[in-house]
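In the two complexes below, subunit A is the common chain; its partner is subunit B in one and subunit C in the other.
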Partner chain A sequence: MPHDHSDHDHPHALLPSDPALRVKALETILTQKGLVDPAALDAIIDTYENKVGPRNGAHVIARAWSDPAFHAALKDDATATVADMGYYGRQGEHLVVVENTAEVHNMVVCTLCSCYPWPLLGIPPGWYKSDAYRARAVREPRAVLADFGVTLPEGTAVRVWDSTAEVRYLVVPMRPDGTEGWSEEALMDLVTRDSMIGTGLAMVPA
Partner chain B sequence: MSRVHDMGGRFGDGPVDGRPDLHVFHEDWHARALALTLAAGSLGKWNIDVSRHARECLSPQDYTAFGYYEKWLGGLAALLVDQGVLSREELAGTTPVQISDLAAKKLTADQVAGVLARGGPADRPSDIAALYDVGAAVRTRRIAENVAVNGGHTRLPTYAAGAQGRILRYHGTHVLPDSSAHRLGDAPEPLYAVVFPASALWQHPENPRDEVVLDLWQSYLVPA
Partner chain C sequence: MTGAPEPVFQEPWHAQVFALTVHLNETGHFVWPDWAARFGATLKRHGVAKELNGGDDYFNAWLETLESYLAQTGVAQASAVETMRAAWERAYLRTAHGDPVTLDDALEP
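Presenting the complex of A and B:
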């Protein structure tokens, strides 16, 4: 078990202090021990840089806006419904969608670490992992929304979801007015990453 | 008392920098640190709860000073040494590195897509019956600490301790992190989404209509 260490006693202190050199040293040691394949690291990075990201989530939202049967299935069992679209995996094993309405605005945080629905949104942005967001989102969500330039209508309540278990939450933003009859592909472009975390709204057509 | 990672509701942090952020990784070493952590995890020597606890056990000074991926590296170094995967001498470079007995478990490039796609579900069958219906009034334990292990891992944040809310949703039975993080078994039990009025958590809520929802295990709750 890990123990409380003062900083000079912790195993990380045996590695170079510069973090870029620290990770390089650790990769070298683990590779020499036969425990890590650098090509596997490349493949992991390629997955999250190029294959898995917020376009997946936008695809789900655009379909929910367009297809009432899909929307109902998503609300009933989001994990199985998005798995049918090929979106499942690490950090997305138990998915729940929460829907924004004129009455309630949903917003997601992980105050204890950085839980986030990777298969749908990819790797969380820096701000989601920041102390300021983790500390403030639960106590003053409206002030945090203001940091993102978002002001909610007077009558809208805020419901903040603190991801304390392995359940991952995806916000379904409100569909912008003036998009009646739009294709799924066109709608996808209005669905920003932040709108699916709840720190933003879907874009309004120009 | 809590650990430094338990920061929900804390005062004094500045604005959130929500400016558009187009890079998945800001530095190459961030990407490398994430990939190294995932690859090392697939050796099977620890679970997600053990690895979260390793990061939480960084000293408050380190936790606060470190960037996100530095915390990951710190947690990873501790796990590798604690599990005997690496010696402190190997980490320090003061002894020649030997091939590990675990080398056969190395994650290879062709396995990556399958491993990431499979994930690791946390739901498990359990003999523990769900005690609460949706809508039931519940209260969280007054002390947000691990009951079995002093200073151990828990997922009840301090800000939500001793607060009254109601059951919003039942998630089924899930691995209990308080047990799993200390290798005391999965100990699955009912997990609920519990909704709290902001006024039950904060002296000065921003808006009395606002709410906070947390996922909480049955053993964190008592009837209210």
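Presenting the complex of A and C:
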């Protein structure tokens, strides 16, 4: 059993998993053909691991809560409005905002694969990519919300939006009570990733 | 589903295959809607036998989609990928733990 070592004494480098070796093989072949630049791959990974994430989306939501003119512009043309804040690029091409109210709660899924507004939220979490969420969000959204600890008033309808490679959605959560006069920075801290997917609500100030 | 922040990518190879695909898209090898359609079809096929998780299952489907696209377009044939995979496996097995792993000289460009 060449791979069955104790934890402390590997006679050779730990063998990566089969898919990891297949990815290395692809990368080597494509690099040798001059089709990929390993530095570009590192930059892409660094961007999504360290630079782009839900803080961007929270910034947009906090501004929408604070600035009525911005809010109107966001509803009118979300793609251009967030681009003006510097949030554009891969998988952000056509953005639509959907706004939660006392009457309607919006929730986003991608039943095809995992389409998601990367420039605003980063890479989707594992659960967003799972079959369980992709199937159940459409079939039984209230049960999914319950799993996330969200219970809506009976009178609130749930609308589920199915993302595609062409259209990405961003949920504008309801602004919590008790935040009148708060700064954008303070409001941002209340906006969770899940609240912008619609599987959560904005946090309520303590 | 809340609590400690989860890593963006659970495994390094998830990040690598993601980056390879994004890079090929950006350098004009395919447009993203075509990728999404192919990938969605693979997920659907894999999802018949079991309920896929959003980690290894998801990225295994992603990798299979990329391999099949590169094979179909003649960029990287399945046999060439297998030869290279086996070369990397040999390289790992013959390298002492802690040393950098490099390919056989014969396979270097």
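Please note the rule applied: the second predicted complex is superposed on the first by the 187 of 206 C-alpha atoms of A that agree within 3 Å, B and C clash if a C-alpha of one lies under 4 Å from a C-alpha of the other, contacts with A are read in each partner's own complex, and residues count from 1 in each chain.
The rule is short, and it goes like this: contacts are C-beta pairs under 8 Å (C-beta built on N, C-alpha and C of every residue); 3 or more make two chains touch, one makes a residue touch a chain.
Please read all numbers here as calculations on a predicted model, not as lab measurements.
*Asks:* Look at where subunit B and subunit C land on subunit A after superposing the complexes, then choose clash or fit.
*Replies:* clash
*Asks:* Per the contact definition in the header, classify A:P68: touching subunit B only (first), subunit C only (second), both, or neither.
*Replies:* Neither partner.
*Asks:* Does subunit B (first) or subunit C (second) touch A:G178, or do both, or does neither?
*Replies:* The answer is neither, since A:G178 touches no partner chain.
*Asks:* Between subunit B (first) and subunit C (second), which does A:S17 come into contact with in this model arrangement: first, second, both, or neither?
*Replies:* Touch status of A:S17: second partner only.
*Asks:* Tell me which partner A:H94 touches in the superposition: subunit B (first), subunit C (second), both or neither.
*Replies:* first
*Asks:* Which holds for A:E140: it touches subunit B only (first), subunit C only (second), both, or neither?
*Replies:* After superposition on chain A, A:E140 lies in contact with subunit B alone.
*Asks:* More subunit A residues touched by subunit B or by subunit C?
*Replies:* Larger number of subunit A residues touched: B.
*Asks:* If we overlay the two complexes on their shared chain A, which of subunit B and subunit C does A:V158 touch? Say first, second, both or neither.
*Replies:* Only subunit B; A:V158 stays clear of subunit C.
*Asks:* If you stack the two complexes on chain A, which partner ends up touching A:I44: first (subunit B), second (subunit C), both, or neither?
*Replies:* Touch status of A:I44: both partners.
*Asks:* Quick check for you: in the superposed arrangement, does A:W127 touch first (subunit B), second (subunit C), both or neither?
*Replies:* both
*Asks:* Overlap the subunit B and subunit C contact sets on subunit A and report the shared residues.
*Replies:* Common interface on subunit A, subunit B vs subunit C: 2, 10-12, 14-15, 19-20, 22-27, 29-30, 32-33, 35-37, 40-42, 44-45, 48-49, 53, 90-91, 112-114, 122-123, 125-127, 129-133, 147-149, 164-166, 194, 199.
*Asks:* If we count contacts the way the header does, which residues on subunit C are in touch with subunit A in the complex?
*Replies:* 1-2, 6-13, 15-20, 22-24, 26-27, 29, 32-33, 35-37, 39-40, 43, 47, 51-60, 63, 66-67, 70, 75-76, 80-82, 84-85, 87-89, 92-99, 101, 103, 107, 109
*Asks:* Touching residues of subunit B toward subunit A in the complex: what are they?
*Replies:* Within the complex, subunit B touches subunit A at residues 5-18, 21, 24-29, 31-36, 38-40, 43, 48, 52-55, 57-59, 61-62, 64, 67-70, 73-82, 85-86, 88, 90-93, 97-100, 102-103, 105-109, 111-113, 115-123, 151, 155-157, 159-160, 169, 171, 174-175, 177, 182, 191, 193, 195, 201-202, 206-207, 209-217.
*Asks:* Residue numbers of subunit A touching subunit B in their complex, please.
*Replies:* For this pair, the touching residues of subunit A are 1-7, 10-12, 14-15, 19-20, 22-27, 29-30, 32-37, 39-45, 47-49, 52-53, 88-94, 96, 109, 111-114, 119, 122-123, 125-127, 129-136, 138-144, 147-149, 157-167, 194, 199.
*Asks:* Taking the touch rule as given, give the residues of subunit A at its contact with subunit C in the complex, in rising order.
*Replies:* Residue list for subunit A touching subunit C: 2, 10-30, 32-33, 35-37, 40-42, 44-45, 48-49, 53, 90-91, 112-115, 122-133, 147-149, 164-166, 194, 199-200.
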